[in-house]
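Below, chain A partners chain B and then partners chain C, in two separate complexes.
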Partner chain A sequence: MSLQRVLRFEVFLVLALVLAYLAFQNSLAFLTTVLVYAILALSYSFIYGQAGIASMGHATLYGVASYAVAILAARELNDPLLGLLIGALVGTLTAWVTSWLFITTTRLTLAMLTIAVAQVFLEVANKAHWLTGGDDGFTGYAIKPVLGLFEFDMFGHTGYWYAAVVLVIVYAAMERVVRSDFGLIARAIKADPGRIESLGGNVRRHLMKVYCISGAVAGIAGAINAQTAAVVSLDSLGFMVSINVLIMVVLGGSRRLYGAIIGAVVFLGIQHVASNFNPHHWLFVVGALLLIVMTAMPGGLISLTERWRKPA
Partner chain B sequence: MNLLVNILIDGVAYSMVLFMITIGLSLTLGLMHVVNMAHGVFAMIAGLVTAHLVTAWGVNFVVATLLAITCSALVAIPVERLLIRRFYKRSPMDQMLMTLGIVFIASAAASAVFGPQVVNVPLPEWLSGSVSFAGKQFPAHRLMVIVVGFATLVLLYLTIDRSRYGVLVRAAVDNPGISETVGINTQLVYVSAFAIGAALAGLGGVVGAELLPMEPTYPSRYLVLMLAVVAVSGHGSLASAFVASLLLGVVSTAAKYFYPEYSSLVFFGLMFLMLKFRPNGILSK
Partner chain C sequence: MTRLELNSVNMRFGPLHVTRDVSFSLASGERVALIGPNGAGKTTLVNIIAGSLRHSSGLVRFEGEDVAALSTPQRARKGLVRTFQISRLFLGMTVEENVRVAALHRHQGRRVACDTIDAEVHAGLAKLQVGHLAHKVVDSLALGERRLVELSLALTMEPSLLLLDEPAAGIPHGESRMVLKAVNELPSDLTVMLIEHDMDLVFSWARRIIVLSGGAVVMDGQPDEIARDEHVQRIYFGRGDA
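Coming up: the complex of A and B.
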């Protein structure tokens, strides 16, 4: 039954990706951004929705991997798939190194420490002008064709399909992890870490593993961002990235992974429309969105479909 | 020597501003267990209202400040009753996100009304000059901030430790269930404490506008700073909030003097150390 539901969402996802491609040929760059954020939101949903790690500095994992992929691409390590691997490795490593600072803390302390880690990385990237380009962003690197066949074109066709395929693979893989014993233990830790500890589990080590997996996926999102946008800016390490990802996951619903994808699509869709309409009022829209979601539907958008499904 | 005195005065003044702004946040966290990210909004409201009253209507600075912090408290009451109250029992993340929503809305509103630039809060003449003392010149404004800060500390201490209201607050912090059973109106305690916290944030915002300039992004720009003070102090006591403000304020001011390039790294480094080695608060055993 549950397997059926997973497959159903995967089929739905592929269909939606094809339809979106056909319907919005003129804004493929925007759609690619949506896909990158969907992958990033998946990685966040994994730590927050499954393991309860309420980080407010998720941009760290994404931004550091983005910079690493771009900087290495400028030094001839510019095969896209190699870039994905580099992104995943750097993301994992960043997650592993930073997690010891905060992984056992909770609530406000966790939020503060993750924000602080993100700020420190932002500050360092800003100061290390020789390496990252500082304020100007990092540019001037080219990415080889995917598999040697598909060149990244200026209209973003390759970029879109590249990101789309990675999204589907990442989603399927993460869903597997969530359904495994590993995922079950993560949810158990979220519910009651003390009990897992007393049953002989190593909460700290398990949370670190969860965080590292999330780091790998966030790193992949960062890699695709660097490869398709052809520029990495300081914004990729900024507080707003962390907050936006958080809002996406909460908006979509954090109880299931696919909520993250839905949240990313809805959030960026609203942002796209609202900023075309009036860019200055976007902040107002985000605020109102947060208030409405938090007060009226704490389970996110996916809780609506579940409510609708139940009576049957 | 002169430099050290300057750093000390600036640092202590800065600490007092941090203390006044964040004490309400600490109180709310200890009392209602709500992480209120929108606390800076109240400081901003008071700052902007003061600036408007003084520049547009020519109101006396002290009167304008008093009116403005009343405004902050009045805005705080419906915010607590309509929004925060629903989130007492929710997860910290839900609380943070909801209150962050308030921050964004307030920033958008402030920018729509006052424009996106920094709004100057004009000081009266007796505060913009300097005071000579023991053969040295001291900036009057910094001394005023320090005096107001200490006055706030003493007043709060007397209120919480000596008054009947303080007894009610402490009872509600220690055990809300039993407090209600013995007839304390905890809801009234919550909303009044929240409004007092907002008024104090407003006071800190107005007198500290020279150090933390008023602008529409004020609540989010200084959010990390405020939360850092609260996190380092650990939730609860007046003394720990004061000591945490003093430590972070003086150290970050000193860092700005000596290593302006790396002052934020010093600040975060100190915060890391404090949270790592004193995770339950700066004065914990």
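Coming up: the complex of A and C.
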């Protein structure tokens, strides 16, 4: 049953990616942003939905990797796949270094510490003008063609497919981790960390591994952001990224990974459409939707699909 | 062989002296009940032995080793396993998944074939006859069934000393029989210490009873001795002028 369900979503995802490409040829840059956020939201759903780490500073992992990939690309390390690897490594390393500070804390303490860590990184990037370009953003690097064949074009065709393929691979890989015994223990920790300790488990070590895996995926999202946008700004380390990702995951539903993808699409879709109508009040629409979802279906939008299945 | 040895263990919370000079030892395969009125310090003692509280002074040895410096997880890995007064299961997960988490922890850090884990999960479910509940989410179980699942988590760890903190507490009478049956059928080489208020359970099951009052051991002996002792009756059953 489980394998069928995963495959079903993967087939659905590939179809949706093809259809979106055909339907919105003029907004490929926007669609690529959605895909980047979908990958980032997946990495957040992994720590929040599976292991219960309600971080408020997820932008750190994403932003640091974005900068690292862009800065190294400016120094000739500009092969895109190498960039993905750099992003994943830098994301993992950032996760590992910062997690010591907060990984065993919960609730408000965790929220405060993760916000503080994110602010520190933001401030460092702001002040280190010589390295990051400060608030001008970091530009002036070029990315080589993907596999030496597909050049990043100004209309974003390559960028879109590049991000789309990575999204599908990342989703399939993470879904495997979630279904493994490693994922089972993460969910058990979320349910009752003290009980895990009475079974002889090392909660801290397991949570750090979970956070590092999330860091790798967030780093990959950061790498694609740097490669397809050709500029990395301070926004990538900002509080709004952390909050938006949290909203996407809650909106879509955190119990299953695909909720993150749905949340990213719905959130950014509404932002895009609503801000065209009225650039000042689009947040109102998102806020209202979030309220409705959270009161009517606390499990997020994915509980709709589960509700269909139940009676059948 | 001595599994557990306590030597003048004391526990103080500030001015509060909760555990006073507690000394006893448990041999392998013993069936001991720890009883005493509310506030006697029974759960505190279990917490000290399991490692969730650090005693103020005295010696706690498990299988000959001083365990004072070991954390709860470290003690659990050595075979010192407890259950909780209020069932603590991994909510939102199935019975099978719960037992699997325990089985995975028995093999900490070692690579074990998936088949071995699967086999242990099945054995763990079969041991307490909860196999038919395997695919149920634990939230949906009756209280008595939850107890059984909690026991099978503990047994899957293959402990050498099992601490049961009020296994029959809060369970409807009809269901407490199945918990009692499970406790009676625990493996004979396993040392079991049980905290319980249900005197029928205590006197039908235990072969040794330790009475705790005001944090100190006031009596340690066989059930019939305890039942006859006037001092115990006075402090425990509230007779006389105590």
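Just so it is clear, the second predicted complex is superposed on the first by the 312 of 312 C-alpha atoms of A that agree within 3 Å, B and C clash if a C-alpha of one lies under 4 Å from a C-alpha of the other, contacts with A are read in each partner's own complex, and residues count from 1 in each chain.
Just so we're on the same page, a residue touches a chain if its C-beta (ideal position, glycine included) is under 8 Å from a C-beta of that chain, and two chains touch if they have at least 3 such contacts.
Note that this is a predicted model, so its numbers are computed, not measured.
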Regarding the shared-chain residue A:Lys127, is it in contact with chain B (first), chain C (second), both, or neither?
-> first
Once the shared chain is lined up, is A:Gly238 touching chain B (first), chain C (second), both, or neither of them?
-> neither
In the superposed arrangement, which partner chain does A:Gly137 touch: chain B (first), chain C (second), both, or neither?
-> neither
Identify the partner contact of A:Gly299: answer first if only chain B is touched, second if only chain C is, both if each is, neither if none is.
-> neither
Between chain B and chain C, pick out the one touching the greater number of residues of chain A.
-> B
Once the two structures are fitted together, what part of chain A is touched by chain B and by chain C alike?
-> none
Of all residues in chain B, those that touch chain A in their complex | 29, 35, 83, 86-87, 90-94, 96-98, 100-109, 111-112, 224, 227-228, 230-231, 261, 264-265, 268, 271-272, 275-276, 279
Write out the stretch or stretches of chain A touching chain B in their complex.
-> 48, 54, 56, 101, 105-109, 111-113, 115-116, 119-120, 123, 127, 243, 246-247, 250, 280-281, 283-284, 286-291, 293-295, 298
Chain C residues touching chain A in their complex are 50, 52, 71-74, 76-77, 81-82, 84, 88-93, 97-98, 100-102, 104-106, 108, 117, 153, 157
What does chain A use to touch chain C in their complex?
-> 181, 184-185, 187-188, 191-192, 194-202
